[in-house]
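Which chain is which? They are A, B, C, D, E and F, in the order written, and residues in each are numbered from 1.
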Amino acid sequence: MNFQLIIENLLSPPILFFLGGLLAVAVRSDLEIPRDVAKFLSLFLLFSIGLKGGVELSHGDDLAEMIVPLGLAVAFAVVVPFYTFYILKRKTDVYNAGAIAATYGSVSAVTFVTAVSFLQEAGIDFGGHMIAALAIMESPAIIVGVILTGHAQEKGKGKKNLKSVLHEAFTNGSVFVILLSLIIGLVISDKQYAGVAPFSENLFKGILSLFMLDMGLLAGKRISGLKSHGLFFTLFGIGVPLLNAGVCMLICAWAGVSFGNAFLLTILAASASYIAVPAAMRIAVPQANPGIYVPMSLGITFPLNIIIGIPMYYSILQQLY
Amino acid sequence: MDFLKRVEIVVPHPKTEKMIALLEKAKVEGYTVIEKVRGKGNRGTQDGLGLTDAFTNSLIIWYGSASEFDQLQESIRQMVLESGGICAVSDAAWVKK
Amino acid sequence: MDFLKRVEIVVPHPKTEKMIALLEKAKVEGYTVIEKVRGKGNRGTQDGLGLTDAFTNSLIIWYGSASEFDQLQESIRQMVLESGGICAVSDAAWVKK
Amino acid sequence: MNFQLIIENLLSPPILFFLGGLLAVAVRSDLEIPRDVAKFLSLFLLFSIGLKGGVELSHGDDLAEMIVPLGLAVAFAVVVPFYTFYILKRKTDVYNAGAIAATYGSVSAVTFVTAVSFLQEAGIDFGGHMIAALAIMESPAIIVGVILTGHAQEKGKGKKNLKSVLHEAFTNGSVFVILLSLIIGLVISDKQYAGVAPFSENLFKGILSLFMLDMGLLAGKRISGLKSHGLFFTLFGIGVPLLNAGVCMLICAWAGVSFGNAFLLTILAASASYIAVPAAMRIAVPQANPGIYVPMSLGITFPLNIIIGIPMYYSILQQLY
Amino acid sequence: MDFLKRVEIVVPHPKTEKMIALLEKAKVEGYTVIEKVRGKGNRGTQDGLGLTDAFTNSLIIWYGSASEFDQLQESIRQMVLESGGICAVSDAAWVKK
Amino acid sequence: MNFQLIIENLLSPPILFFLGGLLAVAVRSDLEIPRDVAKFLSLFLLFSIGLKGGVELSHGDDLAEMIVPLGLAVAFAVVVPFYTFYILKRKTDVYNAGAIAATYGSVSAVTFVTAVSFLQEAGIDFGGHMIAALAIMESPAIIVGVILTGHAQEKGKGKKNLKSVLHEAFTNGSVFVILLSLIIGLVISDKQYAGVAPFSENLFKGILSLFMLDMGLLAGKRISGLKSHGLFFTLFGIGVPLLNAGVCMLICAWAGVSFGNAFLLTILAASASYIAVPAAMRIAVPQANPGIYVPMSLGITFPLNIIIGIPMYYSILQQLY
């Protein structure tokens, strides 16, 4: 493994602020970032990455080049919740299995933007359609997860439930903002993008750093919640992302996806949702325990991916390409 | 005489509009909603952390007459049963409606 | 013996300070204010949308003795009448004042 | 009409994000921008436009040149509520008539900054005193509106009411911030302005875009509220702004107001308040129905002005000048 | 029969977690917390101004049975005595627990 | 005294916005900045000043040069609460004496950043370790203050109380953020700092200006609270800062501390806490009256320092150096 790269990644402000947030929880500091501020920072990141992606797209990603990565994105979003569900069902009830499967089938936008930031640092290009991949991968797993648990639910209500989940899945706020910004980035002129870029582009790293401080605070508070639920979930939260990443890298290399795109697809495959899916699951599958699926994605998988995963996947891909 | 009842309902935040719709359909004269309260119940802790409001509750206060309450009681019960949360009632009196 | 009354007042947000001033003038021992609650009443829906707090309410809780309440009741009524909102009272007991 | 210009305006990020907000409501997305964040964005816009206006003023607007536009601003703020009141009284009660009259006599700061952004894009100058015009026009209509309804109110309280309305009108937060920033922009040195400009100026377009997303969400939620109140109010919300704009353009052309200033005055005359006036009316004229005057200004007139009005007034003025 | 009690506690914001811990230790079934409320009491005005939450209160609502309440009453009293704030109780009934 | 300098300082945007905030309160404007937004602005300032300080440090402050200023910082933080406590005890009870002593022994980060902004305007260098001094001086006075009042408290609880105060003192949010940012600034590369600087550095003056508007609002609301508590506290709030500043300047000149560092140390010595200490005191010494110690620091000492103190200390130091 490329330790040099891990160290360099560790020394980037976003990661350091994330670790700082973990530390704040560890020393029981009363540091707190108001929820509405965190929502604003997160909105900014989606807005910024969406616009940027749209502009890249408008500068001409090759349509042919887009098909494989987007196809892979859909495939991962659908297949991951299925296979994980059957693993999970051996160790926990159908509700928790469905909720966790959905969590890991979906993606984490913050993990993605951290990876984008890493790529830019390394000076490597990627396609604007990867932002579409991010948006595409957010929701399907929610539907698969609910369907999988749905078999165990009462007849009459199952359908109504599924309909409202479908609606929620395709209209949830973060997917909406990222797709909207992507499309707007696509249609506006370069001159007009230049008008918003001092906000959306220049502030990106700084706001990401501040946001990661909040992520550290959250992850730190969540991680302790997992202790009481046994080793299995922790191992799942480490093993499944690595497995998904591995499979994704092999397929990408084999299918000739470009290096930058392969890297971002890998991080998407490896990441787990901690906003959209938990929110949907609380309502659609209230029998599942958020005290399990939230800490798994936020306390285990998120730090794993941004601290070790990003440089590791990068150096593995370097071997493969 | 028709006594006044103070009905207090706590539901998950994403169910707020549904519960309000129930009250509105019954044509109650008014209600008050406190959003984003924290809490703990049978379905675990709603600590308001994270970037979503899904893990917060809404507290709804409805003052209605005993007879109105009798009529609505069962449908409120049903909705709380479905959506999670609690509902309790106590006696009160208007100072000014 | 002097019983404890729990007085609950809802007024439009811009009238909060006026209502508090009324309580303070009467030298009540304390009160609690929950700001920016939503609601519906005779004067329409206060949904808290927009960039102003004018379309939100404040909920004020005041625990006072029955005799204090008797004295203040009428002026609270008057102010709620003027400013909009509601006031209701229920019986309570101190665990710790 | 100049469709080219309408299309170009439609393709600017602020307008596109506004449409995105409308769309979010239409598809019932759960997208929401926290109120405190929206207040911050709005504070930023007032701060930014005020400072900029002050700096422009300090670089020497001709005093003589300022008199006509500012006089016109005052005239519109006072005359519009009067004439609209008498139209309105035929169709609704005195309270609603007064509140709606006040709404249309006052102005919308966001419409104004959108127009400023449009002008800058077109590379056309305007005087810093137009920001003063914005501030000046915000409040008089509130007073006129309350006086007009006041005839129908009880003797004793009318006066007290008027006094508190007068106070509110001249000290309301947004007028205060814009005037304060204007004065500060006027007195600080260019070097000091250069210190704050990377915040107040460079981020303007980006923050306006994000804020317009919120405006779209708001307008979308409001517009449906109007349905139940009949066609008259909708027609009023379209016709009165166009009438005000038309009259304003003619007077400006006749009085020799410069192109840029005429354009901004027109947008001020055409715009209706959706913050200050509704807030004042809820308290001063509680008998009026906010379910009518808020949707009219926010759901009808605001979109009309920023989507169609801005390019239309611009091309009409081009004919006149 | 075991009646339902509505217990309302107001404590300084920094003491919220401590009070909640007391309830959790007693294994109550649930509670609801409204944070950042303003108020006035013997220890002065908590107006929520400034950059710290130290000058705000939390309002905690706990519905418990009369017997649970009897058991907890004294320790709540003690904690409110230490941390500041108030606690009052009133009668209620479940519509849906 | 150098009036020129006072005027120049008065004409800087942050000070003007502070005065604007005072004015808003004076005219009873309803202007309000949401608390969560103010917290965000304050977080930004700590983040920004911390990072910058860390980067400066990494560019090599001489270790030897750091010892005297940091030693002085600790000395002031410990000595000031002691001597003021004995003055205060003559006029008020032990609780208020302890709380006020702690308030004046600690520091105000916003006063500090305003001074930094002033120094940068003047083009004068200072050491990154001054940001460490700021962090170091925040907490010791809290502990001293509590110990001083502690003699009057019950045996059993005193210890428990002290322990929790100690914990709070060293983990309080603002100290944590500033130290964290300082360390991160120290370890990241210049290239990585360049990534966050468009956010943390370029927006500094603008955000400081907006934040000062809020400080003006707060100070304005607080200052009136002091009236009822007599002249002594007002005089204390003026006299003690000036005394501390005077002593600090003399020691610095004598000990050969560099001009920039001496200026910042002076402002630290002169400033009083209005966030961390009041928060700690409300809980640790609830018998003390926040209606006294908050208005003293926020309504008297803060404006004194930023309006008159900064240019005055600067010109006095110019005489001494």
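FYI, a residue touches a chain if its C-beta (ideal position, glycine included) is under 8 Å from a C-beta of that chain, and two chains touch if they have at least 3 such contacts.
Note that the coordinates shown come from a computational prediction; the quantities given were computed from them, not determined experimentally.
> Farthest chain from chain D, going by the mean of C-alpha atoms per chain?
E
> Approximately how many whole Å separate the CA-defined centres of chain B and chain C?
19
> How many angstrom lie between the CA centroids of chain B and chain F, rounded to a whole number?
46
> Find the geometric centre of each of chain A and chain B from their Cα atoms only, then give the gap between the two centres in Å, rounded to an integer.
A distance of 35 Å separates the two centres.
> Residues of chain A that touch two or more other chains: which are they?
30, 35-37, 39-40, 198, 202-203, in rising order.
> By residue number and range, which residues of chain E touch two or more other chains?
In chain E, residues 14, 34, 90-91 touch at least two other chains, as defined above.
> Name the touching chain pairs, would you?
Pairs flagged as touching, ordered by label: A-B, A-D, A-F, B-C, B-E, C-D, C-E, D-F, E-F.
> Touching chain B in the complex: which residues of chain A?
So the residues of chain A in touch with chain B come to 35, 38-39, 42, 218, 221-222, 274-276, 278-280, 282-283, 286, 289-291, 294, 298.
> Which part of chain D faces chain F closely enough to touch in the complex?
34-37, 39-40, 43-44, 47, 51, 167-168, 171-173, 176-177, 180, 184, 187-189, 192-193, 195-200, 202-203
> Going by the contact rule set out above, which residues of chain C touch chain E in the complex?
So the residues of chain C touching chain E come out as 4, 6, 24, 29-35, 61, 63, 90-97.
> Show which residues of chain A lie in contact with chain F when the two form their complex.
Its residues touching chain F are 11-13, 16-17, 20, 23-24, 27-37, 40, 121, 198, 202-203, 205-207, 209-210, 213.
> In the complex of these two chains, what residues of chain B are touching chain A?
Answer in residue numbers: 12, 14-15, 43-45, 48-55, 84.
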